[in-house]
Each structure stands twice: as structure tokens, then as C-alpha cells.
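Shared chain: chain A. Partners: chain B in the first complex, chain C in the second.
Let's turn to the complex of A and B:
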């Protein structure tokens, strides 16, 4: 299963980006084969609709779970209707590697 | 004559100024209309009672997708500049996100399968009240969750076809809704506060108005001790200081009760009359 983590950078040592729609990178972690891919977020700077546009990218990539800090009101019902699970982590210090670790347990 | 009253990011006393200027003009017997364009949180009606004259619904044509006809080709999504269509082809999922839709019609034109029809979405309303024989109050009120108040604001601005003098209570910020509210104004009153935050906010609004080639002047509200930084800035930029409204508890008290200080406190009546007089002269220059 693919899990997306919103990240401030494109390494495992980068920290979680609290903003879902405007995060810097999406880290896509595949729990089946432990592979990691980084997608730069093209919607980072757009003025409106960054949330739904980011949902689009992740859904197209077959993501079933998303870890982020804050999803926003527009995004929640969309993710619900797509049956994508949201995991909220409020710790800004959390590294991507730590989140991946906790997902594998 | 159209005068817009703007208050930067908000909370500076824009409503106080707009309602009191409207009041002194009304009292002079002028044909005047106050238009509350702060459509996200209109509140000018708290200060005046009147009989409702008009009610308009503001509608936007938004697409509705018939999933039994849709082949998930993605063309509509590609044509949408506002990310308002979400489509996941492999799960046969397509959805219009109404909050983001600008009603431009591009998606309907793009679909070759007849899967899209346009439906009316209620995005706001405009209500107009008669306050006195010659005075009207028009209120733009947008619905919660609408992408932008612009259409509602526009509808309010053009509701009254008669050549009334207009006082426009502009929305906060300097983006589209603000621009639409001040674009036809002959004069813009900028209401600010003597704080560093007020000053930086003021500068931003001034820059926007410069680009629009507008005449404008500043009212500093809640003046406690003189703020030289702000007056220096106004001098340097050659912006007229229309008035300094003192930090006066009576103003806050009258305001909190939905009253008008130009009606209840003589000194302020004079102050607002002077402002109107000054602007009149400026416009005729």
C-alpha cells in the first residue's frame, strides 16, 4: 500500500511539512516493497485550489493513506469520498524517516 | 460622485467612517446610497433601519457532470484553470469542487460527450433598504464557502441605476473584491490606525491605488499620541490627511450600541462634514 507524507525536503531526514496542499514535497512510501519516491509539489505557489490539486496528484499515484499536519476543510470531504485515509501529525520536528518507521510497525 | 472607504486588512474603523459619512450626507438631504461591499461580513445594516426595497439572488452557473455519460477523458479538467475539477480516471471518479469553480463555462465547452450541464448555484444575495426619502442602503452578502465575493459585490454596486451619490464600504485586503469596489470610485478614503501594523498595511493599499490612478486621502483612527512615522510617510507621499479621529471612549460606546457618533456627538458631526467638504473640493479640482 502506498502512503504519502508531506515533506519539507526530498530526503528521509527532511521534516514533515504541516501544510498539505502547499507542502514542498510528497514522499510516497510503498509499504509492500519499502520503496520511496519524491514528488515535488507543483501546487506549492498557486493562489487557490492547491488542496484539491494535491489530492488529484496523490490519488493518481494510487495513494491510500496521507500523513500531514493540516488537511483543510476543502480537502477532507474529497479524501473521504476517495477513501483515502488521513493521518494528522502535529509534531513539526518529526522526520520522514521516523514516520516511515512508525508506519512499518 | 462615488466615495469608497477602505480599511486595509480590517478592523481599523472603516465601517465607522462609512456609516457616519453616509449619515451626514443623508442629513443634508442628498440623494445618497451606502453600499456595503464587505460581503463576507456586512454590518452596515446594524446602524440603520429601513424598509426592504429589493432582494436579488446572485447566481453562478456551475457544471454538473452526469457520470453515466462521462467517459473520463479528462478534457474538462484540462480546460479548467481553477483546479475545480477532480478526476481519477482509473477509479471512474470525477467531481466538481463548487467552492473553486468560477463559472467560466470552459469545461462545458470542452466536453464532447454531453456529460456536462450547467446548473445555477446561489453564491450570494443583495438586499436594498430605504433609510429615508433620499437615502438607500445596499448590502452585498455572500454565502459561506463561495470562492470569492466578487460577483456579489458587483451585483450590489450596480443595483441602483439612478444617479445617487455612493458611499462604498469596501472589502478588506487589496485583491479582486477590493479592486472591484474601488475601481469606479472618484475618491478613496483610507482608514488606518497609528500603529506599525497600520502603517505597513496602509502602504500596501496605497501602492495598489497608485497603480489604479486614484485620488485618495487618509483618516487615522484611534489617535492617542501623535504618530510621527505615519504623518511623515503621508507628507513624503503627498497624501492628504483628511482627519484624525481621537481615541475617545464615547465613540466606542456609541458604535457598540449601533449608534452614529456624527448624530450623537456634535464635534464628530463637524469632523465628518469637513471630510465630505474637503473631498468634494478635491474631486472638483
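Let's turn to the complex of A and C:
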């Protein structure tokens, strides 16, 4: 199963990005074969509709869960209808590697 | 004279208060209803538009049998506002029944929200996208210790018009988030029982 994590950089030591639509990178972690892929977010500088555009990118990648700091009002109903689980982590200091570690419980 | 002037000035300068966004758990399973066997062909055939929030009010109150106060908390509006929404729903349905008109369920200032849970070990929030299946463990850390996030306003979307006001206890300075429609002065501190007031 694929999990998307919003990240501030393209390393495992980067911290979790608290924004969903305008995060710097999406880290796609596959729980089945422990592979990690980084997708730079093309919607970072977009003025409107960044959330739904980001959802489309992740849905095309077949993501089932998304870990982020917050989800906007347009994104929530969209993810609900796509049956993608939202996980909200309010800890700003949390690193991507720590999240991946807790995901492989 | 001064009062009249003040009222006039207010009505020019101030726009009406923004409607709070109503939470709706699930979209309705149908888009509307149609009457059959219409006897009186002369009546109006225009459809009655029931808003999604009115459908939700009716569902919570009369289908799920919650009290109006509980239902208002679930929809994120004050109790009097909930009663207004509910009354409007009944009125529209009555019009449709009596006049034999079609009902359309659409529109309204709403957003769809699923149930949110909080994990006791990693303190993350998560929702349940598969509403028919019960969750067994936290999706992040795998812990079985999680509970339904009942507290209103604990996890709110960042860009909604959520009240940022905080009620503070005059005695022990205990703080809690202000809930829309509940005057602070009528609240009691859960820790020492003193009255609360709005934090300046």
C-alpha cells in the first residue's frame, strides 16, 4: 500500500510539511517493498486550487493514505470521496524517516 | 436621533455576518424525490429546493433521534441556528407534500466530514474513509489505543471561519476554546466551578 507524506525537502531527514497543497515534496512510501519516491510539487507557487491539483497527482500514483499537517476545506471532501485516508500530525519537528519508521509497525 | 443615525451608519457600513459552514457527514443517497399520480394539474410544478444542510438536520433529528443540541454540535452551528435550519426543512417538505411538487436536494453552505479519531500514543488525528468498516488500529503507529475525537473544534480545517476566541476561568485561569452560541458567562469552569469570561 502506498502512503504519501508531505515533506519540506527531498531527503529522509527533511521535516514534515504542515501544508498539504503547497508542500515542497511528496514522499511516496510503498509499505510492501519499502521503496521511497520523491515527487516535487508543481503546485507550490500556484495561487488557487493547489489542494485539488495535488490530490490529483497523488490519486494518479495510487496512494491510499496521506500524512500531512493539515488539509484544507476543498481537499477534505475530495479525499473522502476518493476513499483516501487522511492522517494529521501536528508535530512540526517530525522527520519523514520517523514517520516511515512508525508506518512500518 | 443619534440612535437612528447610528443604525443607518451601521446598515451602510456593515455587511451581514458570514454564515458558518455546516458539517454534513454523508451526501444524501438520492438527488431528490418526484410525486406520482398528480390529480390537480393546475398547481405549480416548480421543484422545491431542499438544501443539503436541511436534509442533514432532518436526518440527525428525526432519523438518528439526536436532540437538537447534540445535532447542532455535530453540524458545527449554534442551537438556535440549527432550529432555524430544521424548521426551514420541515416547511419546504410540507410545501412539496401539500402542493405535490418535486423535491431537489442540493446546495447549501456545507462541507462533508467523516469521523475523526485521535491516537493516544502518537497523538495524530486520522479519519475513517471506509465508513462501513470499523477501525482496529492507528494507521500511523499501529496502536490499538485511539478514541473518537468528540471535542468540537479540536481539529478544524485551517481556513474555515473558526472562532479563535478562548474562554478563561476567572478563578484558576483554566482555558478552553469558545463554542459558538454558548455565552462564556453562563459556562462553569470544569476544574474549579468558577464562572468563565472571554479572554481579551
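Quick notes on this structure:
The working rule: the second predicted complex is superposed on the first by the 105 of 105 C-alpha atoms of A that agree within 3 Å, B and C clash if a C-alpha of one lies under 4 Å from a C-alpha of the other, contacts with A are read in each partner's own complex, and residues count from 1 in each chain.
The criterion applied here is as follows: contacts are C-beta pairs under 8 Å (C-beta built on N, C-alpha and C of every residue); 3 or more make two chains touch, one makes a residue touch a chain.
Small disclaimer: the values here were computed from a predicted structure and weren't measured.
In the superposition on chain A, contact is made by A:49 with chain B only, not with chain C.
Counting residues of chain A touched by each partner, chain B versus chain C, the larger count belongs to C. Shared-chain residue A:9: touches no atom of chain B or chain C.
Common to the chain B and chain C contact sets on chain A are residues 81. Of all residues in chain C, only 21, 111-114, 122-130, 139-142, 155, 157-160 touch chain A in the complex they form. Partner chain A is touched in their complex by these residues of chain B: 82-84, 86-89, 91, 93, 95, 97, 99-100, 147.
On the chain A side of its complex with chain B, the touching residues are 43, 46, 48-50, 52-53, 55-56, 59-60, 74, 78, 81-82.
Across the interface of their complex, chain C is touched by residues 65, 67, 70-73, 76-77, 79-81, 83-91, 99, 102-103, 105 of chain A.
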